[in-house]
Structure formats: structure tokens, C-alpha cells
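So, here's a batch of structures to check.
Both of the next two complexes hold subunit A, though its partner changes from subunit B to subunit C.
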Partner chain A sequence: MSTIIYGIITSVILALYAVGFSLTYGISGLANFAHGALYILAGYISWNLMNYLGLPFLASAPLAVVACALVGFIIYWGLLLRVRGIPLSELVVTFAAGVAILELLTWRGFYGISYSLPVFVEGGVEIWGVAVDAQRLLVIAVGVALVVLLYLFVHYTKIGLAFRGMAQNERTALSVGIESDWIGALSLALGSALAGLAAVVVLPLGMMESSVGYEVLIYALAVAIVGGLESTPGMVVASFVIGFGQRITASYIGPKWMIIVPLAAIVLVLAVRPSGLFGKFKELEERV
Partner chain B sequence: MLQVRNLLVFFENALAINDVSLEVSQGELVAVLGSNSAGKTTLMNTVSGLLLDIQKKEQRRGGERITIMGRVEYEGREIIQQKPSLRVKQGIVLCQERHPVFRDSDVLENLRIAGYLYTRREVKEGIEKVFAIFPVLRRLRKRRAGLLSGGEQQMLAAGIALMARPRLLLMDEPLLGLSPLLQAELAASIKEICRQGITTLVTEQFARPIMPIIDRGYVMENGRLVFSGNREELMDNPEVKSAYLGV
Partner chain C sequence: MQPPDVKIRRKRLDRGIKARTDSVFVIAAPGDIIYVLAPRVLPVVALLILPFFLSEYHQEVLVHASVVGLLALSWDLLACCGLFSLGQSLFFGVGAYMAGMMDYYLHLSIWIGLPLATLSGGAICSILLAPVVRLKGVYFAMVTLMLPLLFRKIIEASGLLGGTLGLSTRGSFPNEWVAVYLGIIVFLGVLFGLRKLIDSDYGLVLKAIRDDDRAVMSAGINIYARKVQALFVAGSIASFAGAFLTYRYEFVGFSVFAWDYAILPLAAAALGGPGTFAGAALGSMILVPLSEALRAMGGLRIASYCLVLMVSIIALPEGIFSFLERKYHQFESLVEVK
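Then we have the complex of A and B:
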């Protein structure tokens, strides 16, 4: 029973790691390798706001999310704009930006066991005989709410619709007045904000240090690759496959083998079905 | 309304548009006829500004060098350096060739995406207008655009362009690849769009289906305009007859 419940929690956490990454990629074809760095940056910013400015976590967390969005926007406008359209350079730029952020945090002494964020909600409940703390339930709630909100956002708001237009056909989007660079920058800002949001709800579950950034990037990549880039249902399913894979590995083989699961999943999927479980092959009927 | 003066476009050293001057007045329906690779699409992309975007992207990745020279005036203002979104706001809207629609969205969402620049109410009105011109789309409004037939997609592409509220509509080979019956139907719709006060510049490879609806036309060959005249003059010209009417 505990495998199932904690499997669900792990899966939702993975989905939260990946959602921003997938979203940015889906809209502007941009693989943001600074995703993990932005994640941990949110933790760092909100820790500092709390400990140096004395803000409550409820105030510092949203500020950290906004800060992440800004950093994402700046990465796009300041760095990416020059190499936009060359995938390899985009990758190098975002990865470099990510490493720069992470190493900056390490240099500032952001490692070890001294940093953690407080939980939003105290206490816990028992579900079918398994003790679950309230913060983990909050993580699930945020994950579910996020999926619903994002769906509504991309289907019913102007910017969201522009995102969908850009994702599908950039030139047509251009010819109805949608500006590709503006939308690209917004998509990276939104993806970064989602990394920040994931950070402030997930990080309170444990310690934080700068190296977590690399881990989160690997998880986000694993989920995106297994699910098929650009596919939202794919992302959710992949989170559950890897999440449960990890839980089962931890229960029956040993916790130290958990990190193998996402890496093995990447290798396996790339070998067997490179476009991912739900990746888009151009359907025959669409080739009119 | 639109005046193109001595336009030259180079792709690297190849001349795609060679000293083209043309004019479209308010309310006219003008055609540019020409075979494949005559430069029709480049001309449309230049007027709509899309070429500037392509140029920028090529530059960024160190690709093809595109050079644009000459004058493009719209309502008396020089627009050759204006980016596409600014031109759309002024009413220059391009409907690209090969019906480029948003394939994963349904018809209604396609139109809503295209209403990006306008308020919710304007979008609603716009959709009604599009459905009035293309009643087929109303019936298919919940269908995914990628699953529509070629003709339906072309209508949707025209609808997408209309959602951007054009005053000068540029249609790049709208009849390409359609059956003669559909061509006639779509040509009638284009005429109707023009009748509603939208000035239209349309390119086409084959003159026959488009001939009945146009006011004037140009013939383009290897990047040059080689002939210009009203419908009767075009129909009487022996070269046009043999090359584009198949007589």
C-alpha cells in the first residue's frame, strides 16, 4: 500500500519537475537546460528572503517564483535571442546559464545540510494505514491544480492561444500578428516560473543544495524524453511510469538504485522508440 | 493603397525579384500570375514582412543572406523595414500558400488563435463573419484542422487571415491543388471577400480559375513583371493564353 501512495507522490513530484521544461519545449522548441538551476534558484531566493529580510514563507515563495520567471525572460532576451533557431547553440547557452547559476550558488556556500524551507502545512493524515504528511498531499493538490489551470490557460486566454499557435505553425502565427520572440520569451518565463513553483512546494520535503539542480534537470529530461517531447498526456504518463519504477526499485531492490530508473528509462526509450511513448509521428491522414 | 517601386530581392547572389513595380488600389482584386519559382511567394512575403523575419533568422544561424531593396508603400507610408506584426496591425495580412493551418487545434480554436490582436467580442464577430463566407466551416467547427480536406483547410487558412481583419489581403496560391469545382467555389468566396471592401492581391499559377473574378493582373516570369493589364487585355494576350490559360 505504501508503495502505491508514495509512488503517486513521487510521480506527481516528477511531473512538477518536468511540466515547465515540457511547456517551454512544446511552445518554442527550446530545450531549457537551465531548468534545474532555476528550480534550485527559487529555493535559494526564498530562503534568503526569509532569513535576511524576515519575510514569511507565504510571501517569499511567490516572490521566488516571480524572480524565476524574470530570470527566464532575461536568459531569453539577453542570451538566447542571438542564437535562436540553432538548436545546438540554444542548448549550450541554456546549459551554460544553468551551470553559471548553480556554481554561483555553490560559491555562495549553498550546499551542505544547513538549508531547508519550511512546510506550508503542518501535520499529517493516515490513508489506508499509511502515514502521509500534509505537505506531500499539498504537492499532489498543486500538481493536479496545475494541470487543470494550464489546460484552461492555453485554451482560453489570448497568450495561451498564441502559445498554441506558435507551437503549431510559427509562420502562420506571425502572419496574424503574433510576435515569435515575444512569445518565445514568455514561454521560457512561464516554464521557469513553473520550475520555481515546483521548487517551493517540493523543496520543503527535504534539504536543499545547489547540486539538486542537476538532479532535477535529469528527472525533467527523463520525463520529457520518455513521454515524448511536446506531449502533455505523455508527460503525465511518463511521470507515473518513472515514479512508480523508482518506488518499486526502492522497495524491492534498494533505495540507492532509484537514480538508475530515470537514466535507464532514457536509454531504453531512445533505443526502442526515440520519439517517446506519446511522441508525435506525423499521422498519415494529416499529410494532405 | 499598395505601391511597390523597383523592388529587388536577392537570396545570396541570386535575384529572386528583379525590379518589380506594381500597384494595387483600394477595393481592387489584382492577380499576379506566374509559374513555379517565378518569385510570387517572395513578392508576397516581402509585402507582408514575413521575409524580414526569415532574413533575421537566416542571419542568426549564419544561413542564406537575403537582401531587400526598393520601396514598398502602403497608404502612402514606407513600410519596407516594418516587422510583420506591425504590418498586420495596419491591415496587411498574408494567407500563405499550401493552407498552413494550426493542425492540432479544432477549426474554432484556429480562428480564435488568429484573433490574437483583437478583443473577445471582436473575435466572436469575426468568427461569425468567417462562417458567413465559408458556411462549411461552421459545420466542421469542432473538427481538428489536420483532419480537414485540402479544400477545407484552404478555406480555414483564408478564415484565419480574415480573423486578423485585413484591409489588404494577400493570398498566395489559394487555389493550388484543389479540384476545379472547389477552385470555382473558393474563387467566388474570394470575390465575395473583396466585395466586402477588402482589397485583395492574389497569386496563381494557372489563370483559368482566377480569371473570372479579377479586375487586373500582372504576369511574372523569372522575378520580373513582364505584362500587366486588365482582365480583357490578359485574356487577349497570346502569351498569357498559351502559358497560363492552356489554350
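Then we have the complex of A and C:
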């Protein structure tokens, strides 16, 4: 029973990690390798706002999310715009930016137990005999709400529709007056904000160190590859596959082998279905 | 001063010796021979003589530059056939651990262990990456980014291969000079070997895979086999670098999978100019001494490599080497636009 409940929680956390990454990739074809760095950056910003400005967590968390969006926007406008259209250069630039952020944070001495964020909600409940703390339930609630909101956003708002237009065909989108640079920058900003949001919700559950940033990036990539990029149901299913895979590994084989699961999932999926579980044929052509 | 309506432009002309083709030179006079040989012979001679004039510390820097140069060359070879790697530290680390195992468990002598680690490292890397060789660009990069991190986690978590403590090996080079010259000579050999290779028919196919893999497939060539072969060569080169450092420091730990060895070669190749090999070599010879000079920055070093990487990708996309090459082969003069 506890495997099932914690499996669900792990899966939702993975989905939260991956949602920003796969959204940005889906819209503008940008693989944002700075995703994990932005995740940690959000934690760092909100920690600093709390400890140096004395803001309550409820105020510092949204500010951190906004700051993340701003950093994402700046990365696009300042760096990526100059190499737009060369996928590998884009990748190297975001990767370098991400590693630079993480290394700067490590250099500032940003690791250890003293850095942790408080939980939003205290206490816990018992579900079918398994103790679950309230923050983990909040994570699930946020994850579900986020998926629903994003669905509504991309289907019923103007910017959301512009995002989808860009994703489907950039040239046609241009011809109907959608500014592709602007939308690209917004998509990166939105993806970064989602990384920040995931951070302020998930980070209170554990330690905050810059090395976590690399892990977040790994999980986001694993979910994105397994699920098939730009496919929202694929992303959700993939995070459940990997999340449950990890929980089952942890319970029956040993927690230290958990990290193998994403790699095994990637290799299996690439061998059997190179376009991912829910990928479309167009992606197959891109990948192979 | 020029009157404002007179426009000046830069006029570039290829030197006569180079005008016919890109690579074949028409040599007619001793001056031409010097012109062609100087850029090749001078760096070689300089690198071979340099250790005599350097202190032990600076020799160490030179060796480290050669090791990073080997990694950058192996990155460049992979990039030549369209495999974009973000994890040179994987190849490096596998080689380093293979050498560690050869010494620690099997007690092989260095002259057997080093070549064996080189080849087995290349073989392991190509077997590991063979299933994902079908992936292109970003996807291949993602997988190579993850593998070294995962290896590190596995070694950390499972305690295999010495776990967090690493393996202390006993075999080492007979003396400093052997190590220094082995590093430099292998580096130069790989540099010129790869330049030769990429100009041969075999290298032409590799480059064609990068440019248009469908066309190569339709010519009846198995591109996956070719990519695996390139992986083996590149993996062996980087494994040699790893094994070499293991024997030199008589130690191997999971720090070989660290970012230094993934970012530094990439930054070196990007700075020097990818696709030319000489660029990667030049880049590492610039970047490693520079980073030694910046050693005082401590933890900021990796961040500074990232900065170099970003600046060179954005501002100097062709790289230093291509720039120098162009300047060397062309006359330039300012002429009035009429």
C-alpha cells in the first residue's frame, strides 16, 4: 500500500520536474538544459528572501517563481536569440548557462542541511494505514491543478493558442502574425517559472543543494524522452512509469538502485519505440 | 582622413599557392615549402622542446593540457559524424577506471595495462552507446549527459570499484620524462592521425553522415556501424587520456566523472573551432594554462569555463583556428569602393 501511495507522490514530483522542460521543448524546440539550475535557483532565491529580507515563505515563493521566469527570459533574449535555429549551439548555451548557475551557487557555499525551505502546510494524515504528510498531498494537488490549468491555458487563451501554433508550424505561425522570438522567449520564461514552481513546492520535502539541480535535469530528460516530447499525456504516463519503477526498485531491490530506473527506462524505450510512448511520427524522424 | 563619401572595404585574396583547392598545394619554391610546413612543424617542435625549459609544475600543466586536448580531439571526432556528446567524462572515466582495475585487481604492468585500458575503454563505451547511436543531435546529447552522472551515482551508491574512496594504484611511469613525453607524443600523434583520417575516404563518409545521413544510407553504407566505429576510436582516445592520468596520479576515484572533463574539452573545441581537430588542440592549449592561472578562483573555475563556452559559441562561432587559418592563407588589403 505504501508503495502505491508513495509511488503516486514520486510520479507527481517527476511530472512537476518535467512539465516545464517538455513545455518549452514542445513549443519552441528548445531543449532547456538549464532547467535543473533554474529549479535550484528558485529555492536559493526564496531562501535568501526569507532569511535576509524576513519575508514569509508565502510571499517569497511567488517572488522566486517570478524571478525564475525573468532569468529564463533573459537567457533567451540575451543568449539564445543569437544562436537561434542552430539546435546544438542552443543546447550548449543553455547547458553552459545551467552549469554556470549551479557552480556559482556551489561556490557561494550553497549546500548542507542549514538550507531548507519550510513546508506550506504542517501535519499529516493517514490514508489506508499509511502516514502521509500534508506537504506531499499538496504536491499532488499542485501537480494535478497544474496539468489542468496548462491544458486550459493552451487551449483557450490567446497566448496559449499562439504557443500551439508555434509548436505546430513556426512559419505558418509567423505568417499569421505570431512573433516567433517573443513567443520563444515567453515559452522559456514559462518553462522556467514552472521549474521554480516545482522547486518551491517540492524542495521543502528534502534538502536543497546545487547537486540536486543535476538530478532534476536528469529526471526531466528521462521523462521527456520516455514520454515523447511535446506530448502531455505521454509526459504524465512516463512520470508514472518511472516513479513507480523507482518506488518498486526501492522497496524490493534497494534504494541505492533507484537512480538506475530512468536510464533503464530510456534505453528500453529507445530500443522498442524510439519516438517515446506517445510520440508522433514527426518526432521519430527528428530523433533517428 | 577619408572624405565621408569614400567607402573602404576589405579585399581578400587567396594566396596563389592555395588558390586551386583547399588542401592541395602547388609547391614551386623553397619559400612555398616553408609556407606549407611552418604551421605544421613549428607547433610540434615547440611542444617537444618546451618541457626542457619548464619547471616541474609547468610540465604538469602541459601534460594536463595534452590530456584535455585528447578529450577535445575525441569530442571533435564524434561531432564530425554527427554525434554530439556532452559527456566526454564518460569515456575519460571509463578509461581511468579500467586502468585502475588493471592495476589494482590484476597487477598488470603499466605497459600492458595502459594499452589494454585504452582499447577496453573504447570497447565498453561503444557497447554502452551502441543502442542509442540511432539518436540524433539533442537526443544523443541528453543520453551522454546522463551516463557519467549515473556512473558516478552507481559507484557512490554500490561501493563497487572502491566506492567513494577510489582505488589507489601502484604502477606508475618509470620517471617524469617518460610521462611528459608520452602524453605529448600521443597528443600530437592523435591530432595528425585524425586530421589524416578525416581527409581520407573513411572520414569523408563520417562527415557525410553528419551532413545528410539519409543520403549515406541510400548509398548502401551502414551508418550505425560507422558511428559505432567512430565511437570506438573516440572512446579509445579519451580512455587513453583517463588511463594515462590514473597511472600518473596513481589513483582513480569517481571524480573522473566530474564536470571538468565534460565541459573543458567542449569549451576547448568550441573556442578553437570545431571540425578541424587543430582547433580543438589549440583551444585546449589556450584554455588549460589559462585555467591554471585562474586556479585561485577555486570553485568558480567551472563557471568560468562555461563563460568561455558561451562567449565562443555566440561571438566566435567559427573558432580561433579557422580565423587564423583564413588570415594565413589570404592577402588582405583595404580598397576603395567604387
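Simple rule for what comes next: the second predicted complex is superposed on the first by the 281 of 288 C-alpha atoms of A that agree within 3 Å, B and C clash if a C-alpha of one lies under 4 Å from a C-alpha of the other, contacts with A are read in each partner's own complex, and residues count from 1 in each chain.
Note that a contact is a pair of C-beta atoms (placed from the backbone, for glycine too) under 8 Å apart; a residue touches a chain by one contact, two chains touch by 3 or more.
Values in this document were obtained by computation on a predicted structure and should not be read as measured data.
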First (subunit B), second (subunit C), both or neither touched by A:96: second
Which of subunit B and subunit C A:266 touches, first, second, both or neither: second
Touching partner for A:83 - first (subunit B), second (subunit C), both, neither: both
Which superposed partner A:106 touches (first subunit B, second subunit C, both, neither): second
Residue contacts on subunit A - larger count, subunit B or subunit C: C
Subunit B versus subunit C as contact partner of A:256, first or second or both or neither: second
On subunit A, the residue positions that both subunit B and subunit C contact, one per complex: 82-83, 286, 288
Complex contacts: residues of subunit A adjacent to subunit C: 31, 33, 79, 82-83, 87-89, 91-93, 95-97, 99-100, 103-104, 106-107, 214, 217-218, 221-222, 225, 256-257, 259-260, 262-263, 266-267, 270-271, 274, 286-288
Subunit C residues touching subunit A - in the complex, by the definition given at the top: 84, 86, 131-132, 134-139, 141-143, 145-147, 149-150, 153-154, 157-158, 259, 263, 266, 270, 298-300, 302-303, 306-307, 309-310, 313-314, 317
Subunit A-touching residues of subunit B, taken from the complex the two chains share: 48, 50, 53, 57, 60-61, 83-85, 88-89, 93-96, 100-105, 109, 112-117, 146-150, 153, 157, 160-161, 163-164
Partner subunit B, residues of subunit A touching it in the complex: 82-86, 155, 158, 161-162, 164-165, 168-169, 171-180, 283, 285-286, 288
